[in-house]
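There are two complexes below, and they share subunit A, which is joined by subunit B in the first and by subunit C in the second.
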Partner chain A sequence: MFSDAYDKLLWLLLALAVAAIVLLLVVGGGPGGGKQAGLGKAVEREMAYRARVELIGKLYGPVETLRRSGNNSAALLKLDELIRKYPGEAHGYILQGEILREMGTADEALASFVQGVKLNGDYLDANSPLSRRDEIQRLVDEDAKSIGARAAANPDNRTAAAALQRVNYLKSRLAGGCE
Partner chain B sequence: MIRSSLTRLTLILLALLALAGCKAAGKRPVVKIGYMICNSEEETLSRFAPLTRYLSDRCGVDFVMVPIDTHDFEKRFKQGDLAFTHTNSLLYVILRENHGLQLVASEKRGQFGSRSAGAIIARKGSGIEKLADIRGKRMAFGPMLAPTGYLAEYDLMLAAGINPEHDLAYYSIPPGSYKHEKLIYGVLYGKYDVAAAPMLDLEVMAREGKISPDDFVILAQSKPAPYCTFGAARNADPELVKKVREALLALKPGDTAEVDGERLKVLKAAAIDGYEELLDSDYDLIRQMAKRVNMPPYQKY
Partner chain C sequence: MLRDKHFWIVVGTGLLLGGCGVLLAVLGNPQNSGICVSCFIENSAGALGFHDNQRMQYLRPELIGFVLGSAASAGLFGEFRSRGGSAPLPRLFAGIFLIVGCSVFIGCPIKLFLRLTAGDLTAVAGVAGLVAGVWAGVRSLASGVELGPKPITGRGGGYLMPAFFLLLLAFLFVRPGFIIFSSQGSAAQHAPLLIALGAGIVLGACAQRSRFCITGSIRDTFLMGLRTPAVWGLAAFVLTAGAASGAAGRFNLGLYGQPGAHLDFLWSFLGMGLVGWLSVLIGGCPFRQLIKAGEGDADAGLVVVGMFIGGALAQSWGLAATAAGVPLAGKVAVLAGFLFLLAGSLLARERSA
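Right, the complex of A and B next:
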């Protein structure tokens, strides 16, 4: 349960978030009416969100460090461990997409971005501290032509068709479409 | 008399027809698939037996596995009785250029999907921090026809101005089976200073808990290129080629096949994630590396 520093940090942040929620519920439960309760929920959401952003920064920090030093392969190996440990966390897939794109594998990069965006739409929200909207927009703009041309030249090729489908999915999400 | 003879003759003919019918129903065409031996013959046969059985069930023929050593593959393919091949991407390119092999499907495994990259690794803390530091060091390569265990790393070194033939203390290739694992362990335990490791093997060994990525420094990495590939001989039955491609692309994690009375998951047994339909032009990266490194099918003496 407390096998490494990340786990300890995760549990500490979780405990803080729970304590904050309890505090807000106690305060919000007193006289003051619905407006105060609504305000409490907003604060609660904000706190949970900030805790998540903080945690992501700590968890994926080593991957970012390796990436910044140009060691993409080592970053991917580290990331693979984290994705297995936290399969429901979108951030790993987004980082994986960015690294794979840098390494020249557009199809796999697209698949990772799609998975990340499906898990958490915050990455497309321009106002989110986690936003990768500009990067995803660039990816879609740059790859749409080459992948589209590839799919058109090989109409029976299912891999090209799947890549085009992924580009179109990201386009639709960027345009504000829902799943 | 005549009547009785006619009755007897009819009965004999009916019996013969029934026998012929039985024989036809039980017999299916036998088609050979040549499998490049990956780590060992035993491992290759055990990995791909469920897949071969699955293909037989789906395509209505009896596929037979023929395990072949990497270096013997082209010679064996030239004999002409292999309708399908399962090889690494360099062998695919060699057989394509020299014998017109058709691309059927490409295997997906690990983070790069149907691609893998080659890396030059050293042990963390060994003092080898960058590619230039490997001059005068002891190096291990994977098998000579391995795209991401030899070709890619050799190419990376040439691009960095390091000639593996002259600039190392020595280089060798580990003997026997599981060469990729051996050279990774060799670096970890100090037998070699540096090694040419496929990223896929590093990833798989880390997943299996055999190594930690933190134990190594990656000094250089190649661009990811296609890896294991199913091919079909130029003269293979087009309908069967189509059926095999469809069957491979349709494979899902839950699909099973019966081998020796046991029902096994096809993809899990083969340690693969699925199949993709790449284009032959996706293999150009392998072609470019083979030309630069002076390897088959472009080797010039």
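Right, the complex of A and C next:
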């Protein structure tokens, strides 16, 4: 590999290129240099996420107010309007699920939670500020047995079968794994 | 066979793979994904900015360890040979479709057995698919399907893949800004970096010495029965993974509530069938391709590049299955994979006069 002048020239240029890269990284890496882009990307992502959380707070604030005042029917009506306006936003479905569960309609609550989780997995992340993992886990734990028994007793009942399917779906999502 | 050193190296690799597969999940990797080449490739492709699923971006140290461990072992034992040049484009596309098949099943052949040994009965369809695919691949080879001439030796292309993974190792420690790490989702779940890297290096080195490969073990069993050491390596892997899952309290027998699983059994069968068939034609499962790339095989290196492209497409185009099931795009992609495989087999077949 050092047989002639051309080989030597290539090795020399190679060494120069390596030295230039090292020099650039050392000198150009100054305060924050190399990491600047990364910090920017991380901050950008965090800002977008925070903005979303804040927007959600504003958009769904009236629903929360109605809920707190015990006016669940009006809250559901308002949610219906918001879900139609923002069909890709999961938060509406999650709130709808919570309200329906408070009102004792487990099957409909399940359907709403499933819809919300399908749209955004953050609601199952224990560390997310939007997390509803505990509520969903409770719902699955409490309803799995009764819905399972109902589906087994009425094998032709499509509503019970669909509810069981939803419970199984939430169980799978709660179990985690690579998605 | 018991006096054969190679037999014990293969069995040892199987034991280590099963043990690490469960241990890494206990230490923080997603459940049943202690080792999953396809998930790791999708995560790493995301970390490099190839896709924007914020829940699937992490430069998995195990993946880097597999290649560098294999390169180190091959170098140390004088087995590093830079070689390549056989059917480059078909291999690139095979790499893409390998990940398509895996992402529709949700896991590579290693994860398939990790899922099964953790009690996930949905994986049975995948096992059936993989075995059927390997059988079809063996039949294809017997019928004269050959991707290309034997690779040329002596070129420098074989150094590129170890060098690329060395660069990824540097990225892992330096963490330049353009490398993205998820803060939520399954990519945010990971074992401690040094342990994951160490496990990857040891496994890479052992797999290089033993030539262990999941699909290769099944293929050899079809060809040689129980006389092949590979089948005992696979048995050691399955038994260790099962025992470790039980010991770690992670054995949960059933169809429902399994981590990273769905109930579309037909598509699990077809996805793994595609992976098995392709793996036989290109000489190894996704894990084996990484190991071969580490020991200087530029053809395997090109499959690895294809796998990265596949990992990016699986997420960007929404091909990957989730607990919700297999999306339409994923089903179409698997069928496209079979089209590629069948048409390629027709074109690449050497027919006797």
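What we mean here is this: the second predicted complex is superposed on the first by the 141 of 179 C-alpha atoms of A that agree within 3 Å, B and C clash if a C-alpha of one lies under 4 Å from a C-alpha of the other, contacts with A are read in each partner's own complex, and residues count from 1 in each chain.
Simple rule for what comes next: a contact is a pair of C-beta atoms (placed from the backbone, for glycine too) under 8 Å apart; a residue touches a chain by one contact, two chains touch by 3 or more.
If you're wondering where the values come from, they're calculated on a predicted model, not measured in any experiment.
K.L.:
Subunit A superposed: clash or fit between subunit B and subunit C?
P.N.:
Superposition check on subunit A shows subunit B and subunit C fit without a clash.
K.L.:
For A:172 in the superposed arrangement: first (subunit B), second (subunit C), both or neither?
P.N.:
Touch partner of A:172: subunit C, not subunit B.
K.L.:
For A:105 in the superposed arrangement: first (subunit B), second (subunit C), both or neither?
P.N.:
A:105 contacts subunit B only, not subunit C.
K.L.:
So in the superposed three-chain picture, is A:96 touching just subunit B, just subunit C, both, or none of them (first/second/both/neither)?
P.N.:
first
K.L.:
Which partner does A:45 reach: the first (subunit B), the second (subunit C), both, or neither?
P.N.:
Second partner only, subunit C.
K.L.:
Of the two partner chains, subunit B (first) and subunit C (second), which one does A:88 touch, if any: first, second, both, or neither?
P.N.:
Neither partner.
K.L.:
Let me test your reading of the model: by the given contact rule, A:155 touches which partner, first (subunit B), second (subunit C), both or neither?
P.N.:
In the superposition, A:155 contacts neither subunit B nor subunit C.
K.L.:
By the touch definition at the top of the document, which applies to A:127: first (subunit B), second (subunit C), both, or neither?
P.N.:
Once the two structures are laid over each other on A, A:127 reaches subunit C alone.
K.L.:
With the two structures placed on a shared chain A, what shortest C-alpha distance in Å links subunit B and subunit C?
P.N.:
19 Å.
K.L.:
Given the complex with subunit A, which residues does subunit B contribute to the contact?
P.N.:
111-115, 117, 119, 199, 202-203, 206-207, 213-214, 216-218, 221, 223-224, 249, 276-279
K.L.:
Which bits of subunit C are touching subunit A when the two form their complex?
P.N.:
On the subunit C side, the touching residues are 30-33, 36, 39, 42-43, 54-56, 106-107, 174-180, 183-186, 188-189, 256-263, 320, 322-324.
K.L.:
Where on subunit A is subunit C touching in the complex?
P.N.:
34-42, 45, 118, 121-122, 125, 127-128, 168-169, 171-179
K.L.:
For a test of understanding, state which residues of subunit A touch subunit B in their complex under the given definition.
P.N.:
Against subunit B, subunit A makes touches at 71-74, 76-81, 84, 96, 100, 103-105, 107-108, 111, 150, 154, 157-160.
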